[in-house]
C-alpha cells in the first residue's frame, strides 16, 4: 500500500491529495499540463517537501509532518525518470548507468542496455547524445538502481515510434518481474491503456478520480479527454479457449458473450482487458453471410447521443451487463431507423487486448 | 524554394543532404532518434556551421562554403521552437513572447496567447511554469517573431492531448495565413499526417526519402515505421458534392469511385487527402442491405500478404488506379476463400480527411 | 646552530649586505640579514624572532624593545648617523632654490618628504622645517612617502620637483641631484641605534664588535653614513 | 563617535573604491565576455595580462604606475597634454591604483558566471533576430547579474583594502589620498598607537561587510525573480 | 641564467604558494559548498569573515598574524604547545600568510561555479541512492572542476604576489621567508638596483603565467570531455 496524504502550496497551485495505491502494478497519473503531476511525484521522491501530511511507501513512512519524519530522497529507494533526462554530463553513459547500481549484476545490465538499444553508446558522454538517446539512458539508469518504487515523468515522450513500441512490452513486463509499484505520468491515452492498472486523474492539484483503470476510464471526469473519434469502452474479460486451427483466442465476457481476438499465449481464465473504440463498431440490421469481421454481436440499443453538430452520433449498445459504443453518421442512424430498445448487430472490426494476469486487483 | 545541400560530420554521424523544399506548406522531418533531425535544423538555423555546401531560403543564400557566405542566425529570419523550451529565465512570460516581436501587433498577440492558453501566465517567470506551459510559450514566442520560415523540433511532444488537439488546427491554418514554409520534426505519424504536405525521411544523417507526403508514405522506406496494425493508404481526392439532407460530403476518387465523409466546408473540386487504415476496412462477399457503414466499394483482390506469424493478412485491393488495404485474420481470409482477381466488397468504416486546398503541389 | 641573523632597517640594505659579506669572509661565520621597516622588525623581535642583532632607523623602536626587555639594554649604542638633504629631480629646471624659498617655488607642486607621522626621516624633516618656521606654509604641500625610498622615487620620477631625503639615499640617486644638505642643528641627531637581542647567540657579540671596526666603518662611509664615534670626535 | 580624521579617511575610501569599481565594470564585463565566449589568437596572453596585477606585489604595481602614468610617465604625460587629466597626488590616482589591483578579481568572477550560462539561451535569442550585441545586453548580461554582483563586491573589498600601490603611486596626502589603509598604516608604524589602528581596522571591516550584505541581498532578490 | 639568489627566491615562492593553495583547497571547497547550498543563521557573518583578508591591507593582516599566531600569540603558543607546530619566521608562516590572503579568492571562485551548477543533477543523484556526501564527491565536485581550477590559479597568483602580510608576519629572512616579492623589495630599497628588481618581477610574471596557461589547458581538457 502506498499512501499519499499531503498538502503543498506552489505559487497559485494548491496540491492536495489523499490517495492509496496498490503496492504493485502501474498507476498512471494523468492530467492537463500544469495540473501538478511533476510536482506530485517530486513530493513523493522527496525533492519537494510537503507543507503537511504523510507519505508511506509499503511499511516505510517516508514523510510525516506530525512525527517530523522527512526521509531524504536517497533513503526512499525511489527510482525517478525525469521529464528531462538529467544525465550527469561529466560521466560516460556506462558510468551514468551504474551510478545507482549497487549489485552490479552483469546479466541485468546486459538485458537492460540491449533492450534500450544503448549498448553502442556506453563509452560516449551525454552531451553528444540525441534527445531520445538521453532518455533511454535515463530509463536504464533508474531501472538499474533497483528501486522499490519507480516514478516516471513522461518517459516515452521523446522516443520514436519503433523504440516506443519496443520499450512498451518491457515496461509491461516490469511489474511482473520486479514487484514494485510504478507511478507513470503520461499524456498518451494509448500508453496509459496499454500499461496502467490504476489511473489517477489530477486537475489543478486535486485528485478528481482514482481507481482501477476501467472504472476511471468510463467515469464522467474522463470525458473531456476522449475526443469523439476516440470514444471507446474498456471491458474486462477472461480467456476462454484457443481456436483449434487458427491463431485466434476466444474471450469470455461476463454473460456468455464471447469475442475472438488474435491469439493470446496465456492459460484459460487469464483475465484480459479489451478496449473497443466506438469507431471500430459498425451496425447492421442483418449480418452478412460471409464477412471478414469475426465478431458480430446481437445487442440492444440503449441510447443514442448526437454530437454537438448533430452530424454524427454515438450509439450505446447493451447485451446483459456488457456495454459498447458505436459511432456512426446521423444519416446511417436515420436509415437504420435506430431507436432505444431495438435489437441490432454490432460488427466489431478491431480491439486492443492486454493480458492482465499480473493484476491482482482486477 | 528552399535548398539545403550540405555536409557535416558530427562525431560518428555524417549528415549529408541535397534537398529542395517548396516555399510553402509544412514539411515533416521524420526519422529515428539520433538520426540527425535536430542537427539538421540547427544547421539550417545557423546554430551549427556545415562543413561545406550551401543553404538557400527563397532568394536568400544564407550559407555557401564556396562564396564564404555564412549569415548569422539573426539574419536568417528563421523561427525556431526548440525541443527544450529555452525560455529566458530572467524575463516574464510576456517579455519572452515579445522578445523577437518587432511589429507589436496587439491583435496578433491576443490571438496567439489566447490560442495557446497562456494568457494567465503572462506575468509569471518561466521557472514556475510546467513543462507544457513552457513549450506553449516557446511556440508563441517563435510565432510572434514573424519569421520567414519556421523550424519546430517536436513542439507538441510535451503537450497534453486536449492542448494538442486545440493547437493542431492552428498549426494547420498557419501555412495558409502566413506564407512561410515550416520544417516540422515529429515522432508522431498522426501529427505528420494531419499537418504535413511534404515528408522527409532521414536515416543516419542521410535523406532516404523526400517528396509529397502521399508518395513517401507508400514508399518502401516507410514500411518499418508502420506497424502492421497501423498499415494504411493515403489517397488524394477532390470534393464532389454535399449531401442535400445530411452533413456529409461526397469525395470523388480518380476513377468515378466516390466516398462519403463527414461534411467538409469547402467548394467543389477542392483537393483533399484521405488516410484509410487497413484495420478499418472489412470485407464481405455480399453487402448487408442495411448497414451503418456508408462506404462500400466493389474491388478486386490484388494480392494477399500474410504476416510473419501467418495469423493475419493484409489484402491489397484495387479498383482502377485506386488501391486500398484491408487487414483481416487468416481465418476470415480462408472462410472468404480470398484469391487474387476475386471481386469483393470493401466496407470502409472510417477515414481521416484533410483539406489540401492550400497545397499548390498536390 | 642557525646562522647569525641581523634585523636591520631597510634603508641599510646594501651597506649592511656588504658588511655582512666582509665579516663572513673574515670569520667564516654565516650571517644573514632581514630588511624591513624598523617597526615591523621591532614587533617581530618582541614576539620572539630569531634575531641576534637589531639595527633600527631611530630610537623610538629601540626604546620600545628595551621597554619590552627584548634587547640587551647595555648593548644599545648609536652605530651610524645620517643627515638630510634637499634634492631636486632631474626633470626640474636648474633655477636656484633654498629651503627658505621653497614655499614660493612650489606653485601647484608638492614637496616629497617621508611621512612625518611615523617615518623617522619624516619626523626629522618636520623638526627641521619647524625650526625654519616653514612647516605651516608647507604643511599642505607635502607628498608623504611611506619610507625614504618611495619618497626618493617620487622625486626621481619627477612627480615632485623637490624632496627631502637622507643624504645616503641622495648620494646614490642617479635621477636627482642634491641641492643642499640640511644643517644637523635643525633637528635631533639622526642616529641608527644597534643592540644585541636578548636571546642572542654568543657568537653575535663578535659581529656586533665587527660592525664598529674600521673595516665596517669604511663600507658604511662609502654609502654616505657617518660613524657615530666620528661625530662625537668631531664635536670634541 | 568617529573623529574627523576617521570620517575623512572613510569617505575618501568610499569615494576611491566606488569610483574604481564603477569605472572598472564596463571594461571588466566586456573583457570577461570576450574571454568567455570567443577564441582568438593571443587570448592566453590577454588573460595573463589581466591576471598580472594579482601576481605583482602592490608596491611594484605602484612603481610601474608611477613610471607609466605619472606626470613624466609615457602615458601620464600624454594624457595630461591631450586631455588635461592628471592622476598625480589626487584621489583619481588612488582610484586608478585600486581599480588596477582589483581588476583581475572583477573579470574572473564575471567570466566564471558567463561561462556557466548555457549558450542555449543565447542561441534562442539569436534565432529571434537579436544580434550579438542585443543578446549580450538582454540575455547574457542580466543572467550574469549574480556574477557581476559577486565580482563587484570582491573588487570593492579589494579596493577598500588597497595600500601598497596607492601609497607608492600617489603618496599619502590627507584628504586626497589618505584612504583607510594608509591611515591605518601610520598608526601601526607608531609605537603605542595600536588602539587607533584597531578603530580604523574596524571601520574598514564594517564598510566591507555592509557592501557584502548589500550585494548578497541584491543577488538574492535577482535570483528570486528568476524563480517565481 | 638565473642567479643563485633568484633561484632560491623562486623555489621558495613556488613552495610557499603551492603549499598555501594545496592546504586551502579542502577547506575552501567545503566552505564554498556550504555557502552555495545551505541556508543557516550566521551565514552572512561567515561569508563576511571569509572576505575579511581582502578588505584589510596585507600589512595589517601580517600584524594580526604576528599577534595571534606568533610564538607569544594566543593561538600560536597553543599550537606550539599542543602540536609542536610553529609558524614563526619560517616558510610555513609565509605559506599561512599567503593562504589567508588568497583564501577569499579561492572560495569565491569555487562558490560561483557551484552556484551555477543546476541542482537538478544533484537531485537526480539523490534519487539514485547517493547521500549528500557521495553527491558532493561524485557530482558537485567534478562538475565544479573548471571553477576549482580557476580559483586555484587565482589564489596561486595572489600567493605569488603576496608581500605585506609575509614581511610583517615572518620577516624577510633569506632562504626561509624571502620569497620573490620580498627579494624584489630588497632591491627596490637599494638605490640603483632597478634592473635586479625587474628581473625578479619578470620571473614572478612567468611563474604566474605558466600556472595560468596550465590551468587553462586543464580546464579545456575537462570541458572537452563533457562535450564529446
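Going by the order they are written in, the chains are A, B, C, D and E; count residues from 1 in each one.
The rule is short, and it goes like this: a contact is a pair of C-beta atoms (placed from the backbone, for glycine too) under 8 Å apart; a residue touches a chain by one contact, two chains touch by 3 or more.
In UniProt terms the chains read A, B = Molybdenum ABC transporter ATP-binding protein ModC; D, E = Molybdenum transport system permease.
Everything quoted here is computed from the prediction, not taken from an experiment.
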Chains touching both chain A and chain D, listed by label: B, E
Steps in the shortest chain-to-chain touch route ending at chain E and beginning at chain C: 1
Top contact pair of chains, counted by C-beta pairs? A-B
Between 0 and 180 degrees, and as a multiple of 5, what angle does the rotation take that fits chain A onto chain B by Cα atoms? 180
How many angstrom lie between the CA centroids of chain C and chain D, rounded to a whole number? 36
Once you find the CA centre of chain A and the CA centre of chain B, what distance in Å lies between them? 26
Chain B to chain E: how many Å between their CA centres? 60
Intercentroid distance (Cα basis), chain C paired with chain A, Å: 92
Among the residues of chain B, which are close enough to touch at least two other chains? 11, 84, 124, 128
Multi-chain contacts in chain C: which residues touch at least two other chains? none
I need the residues of chain D touching at least two other chains; which ones are they? 59, 63, 185, 188, 228
Got a list of which chains touch which? A-B, A-E, B-D, C-D, C-E, D-E
Tell me, which parts of chain E touch chain D in their complex? 44, 47-48, 51-52, 54-60, 63, 104-105, 108-109, 112-113, 115-117, 146-147, 150, 153-154, 157-158, 160-164, 181, 184-185, 188, 197, 201, 204-205, 207-209, 212-213, 216
For the complex, which residues does chain D have touching chain B? 120-121, 123-132, 138-139, 142-143, 145, 222, 225-228
Could you pull out which chain B residues touch chain D in their complex? 45-47, 72-74, 76-80, 82, 84, 86, 88-91, 99-100, 102, 124-125, 127-128, 141-142, 145
Partner chain C, residues of chain D touching it in the complex: 59, 63, 66-67, 70-73, 88-89, 167-168, 171-173, 185-191
Chain D-facing residues of chain C, complex: 37, 39, 42, 60-61, 63-64, 91, 110, 112, 115, 117-119, 142-146, 150, 153-154, 157-159
